[in-house]
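In the two assemblies presented below, chain A is common to both, partnered first by chain B and then by chain C.
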Partner chain A sequence: MFSHIRTIWLTFLHLFRKKVTIEYPEEKVKLHPRWRGRIVLTKDPDGGERCVGCYLCAVACPVDCIALQATEDENGRRYPEFFRINFSRCIFCGYCEDACPTYAIQLIPDFEMAEYNRQNLVFEKPDLLIDSQGKYPGYNFYKVAGMDAGVKQKGEGENEEAPVDIHSLMP
Partner chain B sequence: MVIHIDNKEYNIKSGKNLLEACLSVGLDLPYFCWHPAMGSVGACRQCAVKVYKDENDTKGRLVMSCMEGVKDGLYLSIEDKTAKEFREQVIEWLMTNHPHDCPVCDEGGACHLQDMTVMTGHDYRRFKYKKRTYTNQYLGPLIHHEMNRCIQCYRCVRYYRDYAGGDDLNVFAAHNHVYFGREKDGVLQSPFSGNLSEVCPTGVFTDKTLKEHYTRKWDLTMSPSVCNHCSVGCNTIAAERYGELRCILNRYNGDVNGYFLCDRGRFGYEFVNSENRIKRVIIRNRAGEASTEEELMQHLQPLVSMSKIIGIGSPRASLESNFALMQLVGKQNFYQGISEDEAHLNRVCIDVLQSGSVHSASLKEIEQADAVLVVGEDIWNTAPMMALAVRQAVVKTAGAEASQHVQIPVWLDSAIKELAQEDKGFLAVLNVSASPLDELATHAWHATPDDLSRAAFAIAAYLQPGKLQADNFSEELTNQAKAIGEALKQAKNPVIITGVSSYNDNVIKAAFDIAASLNTAGRKTGMACVMTECNSMGLALMDAPAFNHAMDSVRPNGHATAVILENDLYRHLTPNLVDNFLNKCDHIIVLDSLHNSTTEKASVLLPAATFAEGDGTLVNNEGRAQRFFQVIPNADTQVKESWQWLWKMQMLRSQKVNGHVLHPDELLQKMETDMPQFKGITSVSPGHDYTIHGERIPREPHRYSGRTAIQANKNVSEPKPFYDGDSPLSFTMEGFKGVPPSWAVPFFWAPGWNSVQSVAKYQDEPNGSLKGGNPGVRLLQDKKKENADLFFKDVPEQFVITKDKWLLLPKFHVLGSGELSGYTKALEVLSPELFAIISPKSAEALNVKEGDMLQLTDAGIAYGSLPVKVLDNMCDGVVFVNAGSRGTVGMNWGTRINLAKVN
Partner chain C sequence: MQHIWIVLGVLFVLLNIAAGLIWLERRMLAMWQDRLGPNRAGPLGILIVLADTLKLFFKEDWIPPFADKWVFITAPAIVVASVLMSFVIIPFSPSIIVSDLNVGILFFLAMSSLGVYSIVLGGWASNNKYSLLGALRGASQMIAYEVFMGLSLMGIVMLTGSFKLSDIVNAQKDVWFVFKQPVALVIFFIAGVAETHRLPFDIPEAESELIAGFHSEYSGMKFGMFFIGEYLGVTLISAMTATMFFGGWLGPAFLPPWAWFFIKTFAFILFFILLRASLPRPRYDQLMETGWKVLLPLVLLNLMVTGAIALWIRG
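The block that comes next holds the complex of A and B.
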């Protein structure tokens, strides 16, 4: 009997506490930058696609919901010909972001992806690619990679010596 | 002998080095410069282990395991702290200059350097200074060059120069600037350059055709396959992604191709993805050509029920398909879709190999031969891997001989080379035209096929004196015969190679006479007969009449239906002959995978599966039956294996519909009962219901990605994985995890070994046979037979050059000759244009010079005119025409034709 009265009393007291719930969707949830939501493909500081089609995100994905095909432009720069994420399978674990060697694939704080039709949850490259560097500004993979893919010449990258002159015998 | 590795006892074969010993017992030990096919040089310092004096020695000393032979009772440690630190440090040095580009490197995921780095435990770059860079070279359309990635292991030049005999790839510059490439940009000249992509432990040399549609190894659906582009039958791995064939990789088979493939085999796969593919059923001469399968069956019903139905088999279709056709039309109506001449030559080859007097030599046996004689076959161009095997025989015999006198093991590559210097084993090449193989030959002699066979008969006569009157031959021939015969007599394992491409049966008979004469006690003689297509041997073994007899069997208005199986008749036969035949038939049903001149004439065209979409068995020139497995799922297309189509037609003909699904193993069983010459064919691979512990063998690696997204653009609900009831392999990543039986190895992978080097885990020992024996079943059994029947009575007359009649012979090209491989753009670019090739003397006689046009006519058949090319080293009185390439027409090879200058 006593416990019932105590429960009612406690509940009554909550009337004067601050509300925890918010009036979603009128009011938006505050999410932290590292919150793992919708997946995007970002661009490097020079406006080029960051994704080099290395397939590491696809192989890291525990539900195998990423499929892509790499291709090359005339300079030998790799980019995905198509890039598909089946969000109806995605578990937002973030392994793809962890695996990405170029900061291309990123999970952003957006979860509002509900659809009436499951087919609409299949995102293609135009749906994924955003015109921003996302969480990691300033990184351009091709400036540190050894190869010349139209971004810099051999030897012009960070931490690179000028190409070897193979006719020279100097030490 | 017994050695102790980390205090455990292992039984090891003697004569090995420590690295081989460790790998053969399944231990992991990193290495770079050592290659099982090329031996040790000790350049990379990666395979260091500790070796102890005895069991009480605790200090030990560091040695490079690839440079030290096994000794009985040896104690060594892989896990020793110093050895481990040493190996990690070596990798760390190598990585100071290795660029940061694995994500865009084609080797990534199948990279020996990645594997070895992980194996040694190196993970952090402490080196604070800049990385060295190099500029790349253009190496042609097959191989991509990215020199930054190089770790200076020297494998590429050792393979390219020493193993494959190329001379345009080398090492330049000095100290830490060494550069592996060509003197200047340009196409790599060796037809074995594709192997660089597998030999290179990192991504310096990669497959350029794969780059066009790049896929990582872990994403490929792979299955064991057999090369389609010549009669050698190298084992390959066919790899698929998104319904397209992506690349061909080497599949180790110790008896056949070993670790390598030729460029035609490796890069000739693109026809499978060609726009020229037949993908739909086409019924011509009615509204709307494309049809459904039901419409097709209705249409076919009256056609196949006709009284006269003729089947034309194919030397490039599988045994199953040819046999299914034979079943459909009946044995009496089944014909080989090749010319009478070629069928006869194939028959002679089989007769001599089946006579029991000589052993049909495998590539491995050729590689181990101590004397080789090539008679009348341009193996460099018609069977490239055989030429590579001959090269090994020649080079290694000298090394092996040299090593017997001094105590140097055969795997100590550079020491053996230093010792052997320019010494070579014995090779004699008697051929109609020059080839790069001549450079290795002790005797190279070029003459017309008739004269070649005379030379070969002269050798046989020398080997068995008294059987043939020696005064038949000129002094030159006798002397040459003596020299060659003497060298062959000295050999313990001589191999005689011949083939059909000189279109002369006497050449084959003479080669057999030599082989049979040599086959005396204490000597094991091998013989190899090169044929034209991947299943020429299989078709020839079926013992059906040639195409010319099909002509006679059809009467005009005989209301006949012809069923033509995967065969462009216009390639094998003269156009007028084919036209005559096709005009006589009321209905022409053609099954093929690519549109060609024959499919144009079809009234009903059925889309046949290529090797990538179907299962089947091929018989190579050795008589080895080998199974290939489907790799591209064909559920959504009308493409079916020819034997499936033919089975459906047979059901129509016999009006039996019982819903029975035919499996290839049932066809082979029936074949074995019907034709005793195919005894043993059912043991090539077990039936379709074979499982290991109830599990099938997965075609996909366990890291295969994208399963739930690949088809999500079509429908978000994933379909059931494609099920192929034809074989024990499944189209998924689930199933048996472990080393599958050797006939069913879809890919090479072992924990920690993602690159192709993982093949060591599938072998009994490096360079040995696969676990459980190499795949393939030899149909030609050796029978013990004394006193072989020789063909001595057939010595032909000397070739007489006449001014109006010229001998017409085919000139094959190592990359260009191949009906199907011609669809690969890169190979098409590298193949020669069509020429009429003649010798300078012949050019003089015809009063033509290079670039003029020559009109070729043969008893009323006009072959059109071709530009002249004058080459030295060609025999006089002969005109060679580039043959075998895509789009070339059949000619009456080996006959005399008229040549006239076109003004």
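The block that comes next holds the complex of A and C.
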């Protein structure tokens, strides 16, 4: 009997506690920088697309919501001809971000994507591409890769030595 | 003519209170669970009442093909009617009372006993095993708790010498009966919670065991009627507690009598909600055991001691 009265009293005291409710539209939830929300395609510091159209994200995606078609420009630089993410299927698992070898695809802390029309949840490349480097500033895939795709000459990349002169005898 | 106005006014206020309790209960439960509760529609979210009612009205009013149709329809009406009938004898203030019967308390007990018919008939007519189990539980619980609900009030009747509620209120001008009959208050309130089958004694409904108990098959406004009946029952027991033990309309003169009555009633309504927020539901056999083996002997003892003291004082 005493424990019941104590329970009632303790419950009553909760009236004066701080409420845990976040009144959402006025008061936003605090999201951490690496919170997995809307997916974006980032650009490298020189303003070029980072995506090289390797299809790894599309393969990693457990719900198959990513579709793309790779192509090449005249310099041999690969880029996606179209890049389509169906957010009505996306489960925001972040596997695509893990799979991406060029830091192109990234998940950002934004979940407010409600739409009245389901078709509006299919994002095309212009919707996905942002004018930012995302979580990895200063990274340009073509400057670390050995390949010449119009971004750098052979041997001029970061952490890259000049090519060996095969006509010389010196080591 | 004035009589009709009182009847209409009481009916209007009561039905509005019953509807408003939807909001009050959800808000207070939320507060006691560190939440905010419905606060969007209208000031402080009070228009949730309107939204809930509209929702209930627009729902499909379905009668299951296997149900006993006419009994099924009558059952929700019985609970509201019987509880509303009980309010006839409640004195809201010295002048606002529908009928000051000289068998007031007996009338109240009789009408609250009629309420059990709605549970039994509703559960039976639904033709559903969970409903029937809920109805059986409801019937035995209400019969058990009715016994000492009546007996707990008899101490007051002894001290007052009247079944009339206005006499009982006037007898509390010096000392409220809560100080003379504390045991009776506790037992009456426990029995009241069981009578209205509110949590923690919502054994007939017990959603974790019986889906929704006796009203599993009800939908739309018929379900709403059970709900209104329940809230009216809460109001009734609160009003009776205020009248019998806390001096009804009596209070310092800076507020009108009816205001004192409503303040006291709402305090007990809030206590009802607090009970729901804090206590878990007892097992069915525990409920019956406490009823018959603890509360009934206690109330009989209380009655005996009260009678002895009353006789001794009178000499």
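Quick notes
As a working rule, the second predicted complex is superposed on the first by the 151 of 171 C-alpha atoms of A that agree within 3 Å, B and C clash if a C-alpha of one lies under 4 Å from a C-alpha of the other, contacts with A are read in each partner's own complex, and residues count from 1 in each chain.
Operating definition for what follows: contacts are C-beta pairs under 8 Å (C-beta built on N, C-alpha and C of every residue); 3 or more make two chains touch, one makes a residue touch a chain.
All of these numbers come straight from a predicted model, not from anything done at the bench.
Using the contact criterion defined above for the overlaid structures, shared-chain residue A:Glu72 touches chain B, although it does not reach chain C. In the overlay built on the shared chain, the residue A:Ala162 is in contact with chain B alone; chain C does not reach it.
Judged by the touch definition given at the top, the superposed model places A:Leu128 against neither chain B nor chain C. By the touch criterion defined above, A:Thr11 lies against chain C but remains apart from chain B after alignment on the C-alpha atoms of chain A. Once the two complexes are overlaid on the shared chain, A:Cys96 sits clear of chain B and of chain C alike.
Touched residues of chain A were counted for both chain B and chain C, and B has more of them. In the superposition on chain A, A:Thr21 contacts chain C only, with no contact to chain B. Judged by the touch definition given at the top, the superposed model places A:Val151 against neither chain B nor chain C. In the superposition on chain A, A:Leu41 makes contact with neither chain B nor chain C. The touching residues of chain A, when paired with chain B in their complex, are 52-56, 58-59, 61, 63-72, 78, 84-86, 88-89, 101-102, 118-119, 121-122, 124, 141, 144-149, 154-155, 159-169, 171.
Chain contact summary for the complex, chain C toward chain A: residues 31-36, 39, 274-275, 277-279. Listing the residues of chain A that touch chain C in their complex gives 4, 7-8, 10-12, 14-15, 17-21, 23. Put simply, chain B touches chain A in their complex at residues 99-104, 108-109, 130-136, 146, 148-149, 172-175, 177, 179, 211, 213-216, 218-219, 242, 703-710, 712-713, 715-717.
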